[in-house]
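First subunit A sits with subunit B, and in the next complex the same chain sits with subunit C.
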Partner chain A sequence: MTETALPLQPGVKTEEKTKAPSALVRVAQYSLVRLIALFATVVVGVYLTIMIANMGGYVDEMRKGFIREQVAIGVGLDPALKEMTSAERQNHIDKLISLQEKRMGLDQPFLIRSFRYLSDALTLNLGRADNMASDSGSRQVRLIILERLPPTLLLFATAQFSLFFLAIFAALALSRNYGSLLDRIIIALAPTSAAPSWFYGLFLILIFAAMLGLLPFGGLVDAPPPDSIIDYSLSVLKHLILPVSAIVVSAVFLSIYSWRTFFLIYSSEDYVEMARAKGLSSRAIERRYILRPTLPTIVTGFALSIITLWTGSIVLEAVFNWPGLGRLFYQATNIFETSVIVGSTVIYAYLLGITVFFLDIVYALIDPRVRVGGNQGGRV
Partner chain B sequence: MTAARRTLSALSRYPSAIAGLLIIAALVLLSIYTVIAIPYSEAIRLWRGGEGVWLETPRNALPSWVNLFPGVNLPDTLILDTESDLVTKTRQAVSDGMTDIITTFTFDYTADEFPQEISLFLTSKYDQKRPLVSLTWLTPDGREIRVADVTVERSATVRFSQESKLERRLKGLKPEIGLFADPEAGDDPKPLQGVYQLVAAGLAFEDESDVDARLVIYGQVYGLAGTDHRRRDLTLALMWGTPVALAFGLLAAVGSVVSTLIIAAIGVWFGNLIDAVIQRVTEVNMILPGLPILIMIGAFYSRSIWVMLGVVILLGIFSPGIKSYRAIFLQVKESPYIEAAQAYGAGNFRIIFLYLIPRIIPILVPQFVVLIPSFVFLEATLAVLNLGDPVLPTWGKVLSDARTNGALYQGHYYWVLEPAALLLLSGLGFAMVGFALDRIFNPRLREL
Partner chain C sequence: MTVAQADSPALASLAAGAQFQRKPRTYWSMALQTLRRDVVTVVALGFLLIMAILSLLAPVVSGGIGVGPNDTNPENAFQQPYLGPYIQWRLGQDPITAADMLGKSGGVVHWLGTDQLGRDQFVRILYGGRISLGIAFAAAALTLIFGVSVGTIAGFFGGVVDDAIMWFINTLISIPGIYLLIIVTAIFKPNPVTLTLFLGLLGWFGTARLIRGNVFKVRELDFVLAAHSVGARTIRIMLQHVIPNALPIIIVNAAIDIGVLILVESALSFLGLGVQPPTATWGSMLKRANNFLFLRDPETGAYVALHLLIGPGLLITLTVLALYLIGDGLRDALDPMMKNIR
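Up next is the complex of A and B:
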């Protein structure tokens, strides 16, 4: 904002002043359009999820069967109903079943139900779980999921930030002296990223937990959890080391490799050569002539890595017994808990949608090309 | 063909690519051998056959080659039956109707560890009266230990570890330890090496009656790859996992890449509405959580590997790759040769399949090769989530079994390491070739 914001001619300044808000409006407009488009895609995605999760109504049949069984058992055990004749009892059972089905909305045709499920899912009114409960004892799917969100966020935020900054700085260092031994080693190691994080997780557990006994096999804290906050966080930190390392190890070499290549391509541009010829320090060149123009791409890369890793968490959390969203999903599929499965998928879809949306906004803010129309300065 | 040869010669300049190609070739050869040597139905029978098939293999045994390490001398499994030279069987009439049938098993025990278990499988022929067998154990230092007396049904199994009287006679030591323990070793039992004998003295009460015995001393090592918790030979799963992994990876990569390519080309060529629809669908697909959907389908519909493959391809059709292919196709579309094709009256699909798509195949090949291992790992991922194919033995299934049965907690490291090594090897093989191809086809990378 400094160099060109102080022009000598006052005329230019006023002109810029009038144009600045229009750039803001443009960004806002752009964001709004993207928001609507993304919301539409989330709606479609969630609807598809509901269709798949219900197998075109099959899961509802399962639920109906479950209701029938529960009602029959309930009636059979009720001493007050012992006197009834079998026809009366059957009648009573049928009445209870239809009441239950009506309560759960199973009497409507599937198409209508599916749209009701959709609106429920989109408003995060995720219903109640039949066979799962949160640690605090609630059967509300939303509460179950919300309870599991913080550990997932903790794990993935830690891993993503360490991975991202490690990769960027290592890549910058390597691009400064490419062709060195270290550079060659990193290139040779890049194919190791073909394996997913849980795979390295198994190895890390094997080495550090099973053989050396240094770190825990998995979980979030020691059992029983320590009382003081400091001990608690230290314990969480100890449990974080292995899963975070698994994520970092599984991705770091490939991302260093690709960032390094990317920086190398940019550092062979003419204006960088020019800056070098001017005698600027290599740090200044990096900051002003390499990092700045590549910022949109770096941000995109960051957001994309988050997107791909959201769903990669399921197995990693299962392997490390990490009490997050992924393991919840895993447990729910094992006991066919549809409401939790759909709920988690909706949350995943929302998380992906939000990530893409932020990516778009940040992109609009930092990419000069998006702003060129409104602000001729093109300052970033 | 010349293009392929040129690519190969270019590849040969990268040592990592040669290593990768060798790995892929080895895996392909192994798959071909496996499919021929162990046909599908046989593999399923051996893997799903239950206890009967694996009755005589030890449980959770290490692979045999661990004995090659210095200082390791674990017992292998010994199977002795009446056909063996180490077994003598004599028949002697005692009085009318009564016959002694004495079977003697003689073997040399040289391992430094105790066996896992000892079982004697007895079968008998009789009409009315069941024969009686008494078992005596002779150690190299001349001790005689009475093991058990059994009346033999048509078939009977004596599991030494379950003979509680024998355990008491051995002062509380587990029979498989006590029978082999050196009495002078003190509290920390060590096996006494030397020639042991088991005498199964049978008494039959009918002339026609007979007793046959088969002694199995379960070792701690078995075969090339060891065994799992259900006594199954892991070699089978590791071998059969190879063709399955390669087929899954290859088909999924081909299916998703080719379909993505065609969709992108069609979108670009027809433009307008079709292009817009394809773009929107791609965006929806980006937001659809792929793995959760796969898991749902696995849990609700079918866990067959081929259904999974189909879904993987379906989800891959509108992959984000469409966006990058689209950018390239938009450039190619404006090329003069396309215009020329239109001028001579080429149809839409002729242009798409013969002129547009072939242009970007060079860019595609490296991406495609790099994609294969990710699908191989996807199969393993599904297996680890208990969504592996219910009948086929795969690498992922072995890993998953190992994980759910606490292999890491109990120290059965071989069980995890073997499938993991194969997965890693195949992943590395494809990735190394793919990276080299990337450099060959993208000259801008080559100078870096």
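Up next is the complex of A and C:
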């Protein structure tokens, strides 16, 4: 913190210029170390998921049993094999089973397979689902997930952006009118954020869908889907209102409250008083003296809220029947569809890792106080 | 006071006067006094206490009403709450509806209506409260035990131990708990005890991190050094000096944690992964209600199942809100720094 005073001293500028290339190297070094650390975390997380989702190998026993049953039924129904003696038939069945197990890679011990699953997952080679299919009928896990990704992104991007900007602007307005009636009302409402979004979703459905009949209960579009693109998007918009408001309502008051407090702290700094004394307009003060030093925190808040709300999506999507990734994950766990569970976990882990990585970089870029690489060894 | 006595005899005599003599107060009695002035927290505590007592007394209440939590009566499915008609009857506005409903239910009073099998909502809510609150409190206790012990060990020893533990915690904390819980509960269909274990085992990471930070602060203080110097053993220093100093944080954390755990349990039950039916929990009642939300009376066209959602929904909201407010109030009451402000 004390180093922040340095740039004000004369003669520092020239020193900074000569240091520039090494700073770049430092940023690169720092990014690399962060990247490796994050990747290690992703690997461990995915491997844990693989172990749990396979129940430590038990799912494969289930798959083997399923193969045995299928083969036995197939052989029993095949008229060409009716002539065989029971020993011959047993032999034939065993051969088919071992062939099928080898084809699915089940003949190796689970520990070895788990590492193969891990490398497949990390290279996004997600394989095929046994019991699930995409709406277009494909069994490719990649296609199943890709089909569910757009609705999730649509819902959470909309909710996230509206929540974030609403909270920031409302907080700025409140910090200007500190102590007003509206200010006190918002603060009193802050504990409403104790309940999660799906919970508000239930009540919003109860009020606006069941009691008032204004909006649909859930789903992505009307059934049957409208033909024209305009009608289709209008229908999607109509279905989007309730889930988005559930997310916004569940978080908005607390986030307005915390941003407002945060802005208030910064608006009582000496340099803000100075700017006021100079007679600058309140807009200019806000833009140059309050928003600028708080920018890193605002960016962090934005990235963190994306991560948080991603987590809450499973139950919210279940409540609103939203055909997104969260519900896919939930459906997959119910039928032990390991490939889909691992697939969506990997996607999630990568998204999370990338978000955190970019956050680190952006943080280092926009906040001059973060002295990148000053502490050697990648410890931040 | 001693300073005043040393300064001047006049001040000393003033200070010795009865009106300036105050009983020495302990930290806890001061906290209690602050708490007593805080109306919101007291109301929240009262609400929670009433809910807990009602849930504990669920068998008595259900005996009084004359219907068990799993007693079905298909003839009387989706009966609306008796409460509204009863009030109207007492006010003399509508004597027919209440009597009509009583006749249908065979003399049993369904204060909050019945579900799709004709089970009494009120009794089920009370029994559900036993499970939901019980799981949340027990799991919070587990979380505390794991979190406090691991956090204290990490913070107290520091160095390699701390690095290893923190790496482990940071890795696990970056996997959202609900994902792990969904996988685990889908595999082992849990009963209340195992669900408590899962929630406790997967929920302590945040607590541990919080405690560790506090222990870092406390272990540098002089009284810890003094304890070391008189040869106190590590375990004694931990139990006697370090953990009691983290107690305010632990208590506040526990209050908010219980609320979160109630919601997590409801979320799992809502997905059908919590305690399995017919055992009532607030979450599974919500799920049931959500399934029947669309249901309309074929004759009148009115929705018949809305009351199923309102009861458990409101209770979860109020309970979680109460716990949150209690946590908030305790934070103020247990913070010695706040005394100067008030």
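Worth a mention:
Here is the rule we use: the second predicted complex is superposed on the first by the 340 of 380 C-alpha atoms of A that agree within 3 Å, B and C clash if a C-alpha of one lies under 4 Å from a C-alpha of the other, contacts with A are read in each partner's own complex, and residues count from 1 in each chain.
In this section, contacts are C-beta pairs under 8 Å (C-beta built on N, C-alpha and C of every residue); 3 or more make two chains touch, one makes a residue touch a chain.
Every value quoted in this text rests on a predicted model; they were computed, and no experiment measured them.
Partners subunit B and subunit C clash in the overlay (superposition on subunit A).
Which of subunit B and subunit C touches more residues of subunit A is settled by the count: it is B.
Of the two partner chains, neither subunit B nor subunit C is touched by A:Ala121.
Legend: residue contacts after superposition of the two complexes on their common chain; A:Tyr178 is shown touching subunit B, with no touch to subunit C. Residue contacts after overlaying the shared chain place A:Ile265 against subunit B, while subunit C stays out of touching range. By the touch criterion defined above, A:Ile205 lies against subunit B and subunit C together after alignment on the C-alpha atoms of chain A. Counting contacts by the rule stated earlier, residues 41, 44-45, 48-49, 52-53, 55, 191-192, 194-196, 198-199, 202-203, 205-206, 209-211, 217, 310-312, 314-315, 318-319, 329-330, 333-334, 336, 341, 345, 348-349, 352 of subunit A appear in both its interface with subunit B and its interface with subunit C.
Those residues of subunit B whose C-beta lies close enough to touch subunit A in the complex are 16, 280, 283-284, 286-293, 295-301, 370, 373-374, 377, 380-381, 384-387, 399, 403, 408-409, 411, 413, 416-417, 420, 423-424, 427-428, 430-432, 434-435, 444-445, 448.
Taken together, the subunit C residues at the contact with subunit A in this complex read 170-171, 174-176, 178-180, 182-184, 186-187, 259, 263, 266-267, 270-273, 286, 290, 293-294, 303, 306, 309-310, 313, 316-317, 320-321, 323-325, 328.
Residues 37-38, 41-42, 44-45, 48-49, 52-53, 55, 58-59, 178, 188, 190-196, 198-199, 202-203, 205-206, 209-211, 217, 261, 264-265, 307, 310-312, 314-315, 318-319, 329-330, 333-334, 336, 341, 344-345, 348-349, 352-353, 356 of subunit A are the ones touching subunit B in the complex. Interface residues of subunit A facing subunit C in the complex, by the touch rule stated above, are 41, 44-45, 48-49, 52-53, 55, 191-192, 194-196, 198-199, 202-203, 205-206, 209-211, 217, 310-312, 314-315, 318-319, 329-330, 333-334, 336, 341, 345, 348-349, 352.
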